[in-house]
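What follows is a pair of complexes built around chain A, which joins chain B in one and chain C in the other.
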Partner chain A sequence: MNKITITRRIFQVVSLILLVYGAYIFKEWKGSYETEQSFFPSLQAPAGKISTTQFEKGSILWPSGATPVIENYPPSLVCRFNPKGGLFKACILHFFSENLTWQTQIKYLLPYITLFILLCFIFGRMWCGWVCPIGTVGDFLTFLRRKMNIPLRRFPQNFRMNLSFTGYGIMVIALAISTIIGMPNFARYQCYWFLPYCQICPARLICPMFGLIKPNWKDFSTGITTTFTILAWIVLGLFIAAFYFGRRVWCHMCPVGLINSWFNKGAGVELHKKAIKCIKCGYCADCCPMGLTKMYEMNKDGIYNQNACIMCFRCVDVCPREDCLTARFFGKRIQSKDFFRRTKDAKKIP
Partner chain B sequence: MKKIFLFFLFVLYAFVLEADEIPIEFEYPAIAGDFYVAGTVFFPPLSVPDPDNILVIDKSTEKEVISKITVIEKWPDGSILSAEIVFPASSQRKTRYAILYGDKVRRKKSFTDASVLPTISFVVPGAGKTVESMDVSVGQINVRVDRSASIRYWWYLLPALILIFLTILRTLRTIRIQRK
Partner chain C sequence: MQKKFLDRYRETIFKGFASNRGIVNNISSESIEYLQETENPCMETFYQAIIDFETKKFVDTEKPLVGYFCSIVPEEIIIACSLHPVRLCCEDQIWTQAGEEVSPGDICPVVKSVCGKFYSGFYDKFEIVVVPGTCDPKTKLAEMLSPLIDIYFLDPGRDADYLKNADIWERKYRDFFDFLKKRFNYSAGRKELISACQKTNKRTEIFRKIYQLRTKNPDAINSFDYYIMIYASFFMDIDLWNISAEKVYKEASAKEDKRTCGRPKVLLAGTPVIFPNFKIIDVIEKSGLSIAADIQCTSFGRFYNPVEIDEETESGLIRALTLKNIAGSICPCLLNLEKMINLIIDTVKKYNLDGVIYYNLRLCQVFDIQTAIIRQALKQENVPFISIKTDLSKEDTGQLKTRFEAFREMLEIHSK
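Here is the complex of A and B:
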């Protein structure tokens, strides 16, 4: 493993610990979950609207055990179903979903949305490659596949495109349901359809286990909860299969990643190629976990940020040619010759 | 494709037409005998022009239950926004009730003067639960009123728009480089 990958792995583990135990650590440090009032307004369900806190422990939306979340912190794409509470509010899809249902005034959402845009403007889709807890779990599954010598399956470009369309479809349906149940005429469906994507998201079943808490695997009390239970199992199965047989296949259809990807081409973190140095070895295309090949195919100098790129910089790591592929931050090179070790194979290439 | 879209619209329309029933939730009291069930229900605009367009039904028999309906607020168009609904129930016969409303329904059974009976509050799904009593510890109560102007939040629009503008500019630049 090369230095960027090692750094990334350490970052992923630290992020996972912070995301899972963040609020717990904060409480130990500060003495309570209460935070000082910040520029960020505290968003709450208005009277007559449902909130996650109204669900009993063990109901479909809620894992068993206490799940405190520090509400006052900015949203940073962290699932609120973390067993010991995240240091941040919630996943951005959760954020939009619940506030559409609550019909929160847009002015109260602006500080959060601005911060989200700022983070995406600076880091693009780095979240997916460096922080995302279920991405970390997925990378571990990929690691297991390698250890068990199971061959990697490469999926064609069209298949990955279709996955993205599926992800957009799921996102649109989830947000549409959240909007509809927020209307007074449909308010009685809130207890069944609140946060529809969260109910099938694999993070809801995976994250509680990191806090040694048994997630709520099933709820067969009504037809709708039975449907959500079965859908959640299917999505979890797809998630495990996607990471086990391929690399980061799930990330093509993750709605949260898709929202992030809108900012990728204009992000501050850039992937730059100097075409004259490229020897067409194909290492970059071969190692890309998202199966992207553009930086290999293109023969011009320039920025090769793509929507699906998760900014893991493995391509920069494995590139045998110095200065051919570089990671940049607003045009300034953040990779230097001495900092990142060349691969052993690279030394053999003239 | 057009047919599928029309079918989808039809299903949605049918769904909205059928969505004029609100189930009622309340806990039967430990006391034996009759009691009143009361609660406030909110209605969407234009859906209930008159209190007689609201009725309570017994879900087991699908028959109307006698009720007293008092209009509390109205929408600007004159339709009912919220109404207090009271109807009798008995703990000897535990059943489920629902409220039907809309142009299609017409209330036939009503009463105006209620007997002296215990009253239980009902809730409708999605609405906050009401409580019969509330204990407040005697002591100082601090109330903080947020008097900050909306500008405190609206000013975030400026950096957000600048960031979106910069993102679009940089995205266009990246696409231009990649197309060269």
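Here is the complex of A and C:
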């Protein structure tokens, strides 16, 4: 039995429910603009909202363009296209893209940015492994593959490196477009180019379905929307294939994960290795959903916080040597000391 | 693929070494000595199993017997194919002499004993023998035995680096699995593999408990009993072993606090101790030391790590087995020296042991060759270390005893 992994799975499911159906559960926080404003008075809806074509018209609380879409942004919150999330909404990339276009004044954004950075300094990239609903969906796909007895596809190290460069490329382009269309001269492009990354993000198609809303599968009205629609399909296909065959390779490319990963080194949550205990069995490298092998290679005692590590602690769970790998929180050990935990029942694999 | 060596000469070779055939069907008197008395009545099962095995009754099972050597051969895969794995490593002087007819005097005693047992017709019930290419004598052993029995040669390569070799190992284990399935016409899949892994994991759990108990109080289960349990695991049915070992553990832990061990505790490293070659244990115990822990491949190396199942797909399971059996092994035939040193230092520190005895069986070069480096490394860590080299004969017992007594005195001074 792998204690940490079980905890993590439960955490993921609970987060998914909270993020997706949060507004249903906490009824009084309907997620309406007014309620949110009472919590966060600094919120100001910019005038003249922008139309986007991401929803099936009329099927959603906010018909395109009609409602102010400023929401609160705790760090990396879930997708804006999840219609029922309410208070729990909007990812960090969405946050940047949107506000760059609106040219929101920095003082309004400061509380969110501070909160984001603070949480990142504490938890590092734990978001990806423990909370992200898209990651949870992906893990479910992986789970399906395992049940279907289809071998895992392992990707080489440099392929994954290139993926993260691609991710950075996409992110820079997306943010650049958002900035440009925010300029008055280019405002006429806004209705097509608003939130450029979100338009191709798989979450745009996946998240609404949780709220039992039909996502906008196709929009062939103009050349640009057609391009975006087709790109979104391709990306969704890649997303499903990546998670199904290769665990978390996708996460090397996800811009949200990339932003979070800047804070991984020096985060409060840390992985520690005691090199003398290691017998180089390779389990830690083999089980890593991100395909990281650094843990295996480490020959010195120390803290292991790789940029790409999603802090899932799977490696801590499977390491057969007691006390070799430990998960720590500001230097304090957080996982159970009982090393028999794993040998009890080999069959229960979360 | 099954290896067929020397097929053309099979008959001639078979006839050529006939003189020993039919000898020694009785357990040697030396072995009997160690099976005489025990403090734990629960050990009876193991004693009986060994007596049965040594008197050629082997094991009471319907399943076909598959022999193997070394911990790098995956027992789990053999069990999953509904076969009965029997580890054939043995170090018996009588059989060594029998084996000298076939193999030269200056080679590994294990190879000689095994040749002795096979060429004299003692081991005749095996359907197939899996020989790993870990060290040179083992590799040749595959060819030596090929006129007598079907051999499967499993070559893990000599580099235990996960990053370089994981895929190769996985393929080799899969070939082995496929071969067994085809040969015995049995369809096994991940369900069987998982249940086999569960069995070995259960064994690991019990073994860890026993190991920990012995590091605290080596007398709770004395060294002879411990090694007899280990030897019994070579051929006993794994479920039976688990049940019996659990009983022994329960009994021993119940009366644990009544006994205390006043003698210095040592870690026994080096060549594996295999029944009936218990000379070294005998001498160590008689010189006032007690073996509280060991890191040998027959016991620790084989049992201590569980199979960590990360992916329950068939390929994931096979991969987990390669990691446990090859990458995580402490076999000195592979590039494992650093691991071995770390393990020794860590075990000594963790269980507060007083010193390390490094046992070299004469003619086993892989252990011998790294002695000097281990000695230096342990010197730096200030861990008392003694290395001894001996063979199967009992001639040097007195000399060894003197050395161990000197070592004990040194430990007593050291710990003050």
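One rule holds in what follows: the second predicted complex is superposed on the first by the 291 of 350 C-alpha atoms of A that agree within 3 Å, B and C clash if a C-alpha of one lies under 4 Å from a C-alpha of the other, contacts with A are read in each partner's own complex, and residues count from 1 in each chain.
Here is the rule we use: contacts are C-beta pairs under 8 Å (C-beta built on N, C-alpha and C of every residue); 3 or more make two chains touch, one makes a residue touch a chain.
What you see is a predicted model; the values in this text were computed from it and never measured.
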Task = Figure out whether A:Thr293 sits in contact with chain B (first) or chain C (second), or with both, or with neither.
result = second
Query = When the two structures are overlaid on chain A, which partner does A:Val318 contact: first (chain B), second (chain C), both, or neither?
reply = second
Request  = May I ask you to decide whether A:Phe263 touches chain B, chain C, both, or neither, giving the answer as first, second, both or neither?
outcome  = first
Request  = Kindly classify A:Lys277 by the partners it touches after superposition: chain B alone (first), chain C alone (second), both, or neither?
outcome  = second
Task = With the two complexes superposed on chain A, say which partner A:Phe186 touches: chain B (first), chain C (second), both, or neither.
result = first
Task = Go through the superposed model and pick first if A:Arg9 touches only chain B, second if only chain C, both, or neither.
result = neither
Request  = Please work out whether A:Ile150 is in contact with chain B alone, chain C alone, both, or neither, and reply first, second, both or neither.
outcome  = second
Message = So in the superposed three-chain picture, is A:Arg328 touching just chain B, just chain C, both, or none of them (first/second/both/neither)?
response = neither
Request  = Please give the residue numbers of chain C that touch chain A in the complex, ascending.
outcome  = 160-163, 166, 189-190, 194, 197-198, 201-202, 204-205, 208, 304-316, 319-320, 323-324, 327-328, 330, 339, 342-343, 345-346
Key: Of all residues in chain A, those that touch chain C in their complex   = 145-147, 149-152, 275-283, 285-287, 293, 296-297, 314, 318, 320-321, 340, 342-347, 349
Inquiry  = Quick check on the complex: what are the chain A residues that touch chain B?
reply    = 41, 47-50, 107-108, 110-111, 113-114, 117-118, 120-121, 181, 183-191, 263, 265-267, 294, 298, 300, 302-305
Inquiry  = Considering only the defined contacts, which chain B positions touch chain A in the complex?
reply    = 16, 19, 22-23, 42-44, 47, 124-128, 150, 153-154, 156-157, 159-160, 163-164, 166-171, 173-175, 177-178, 180
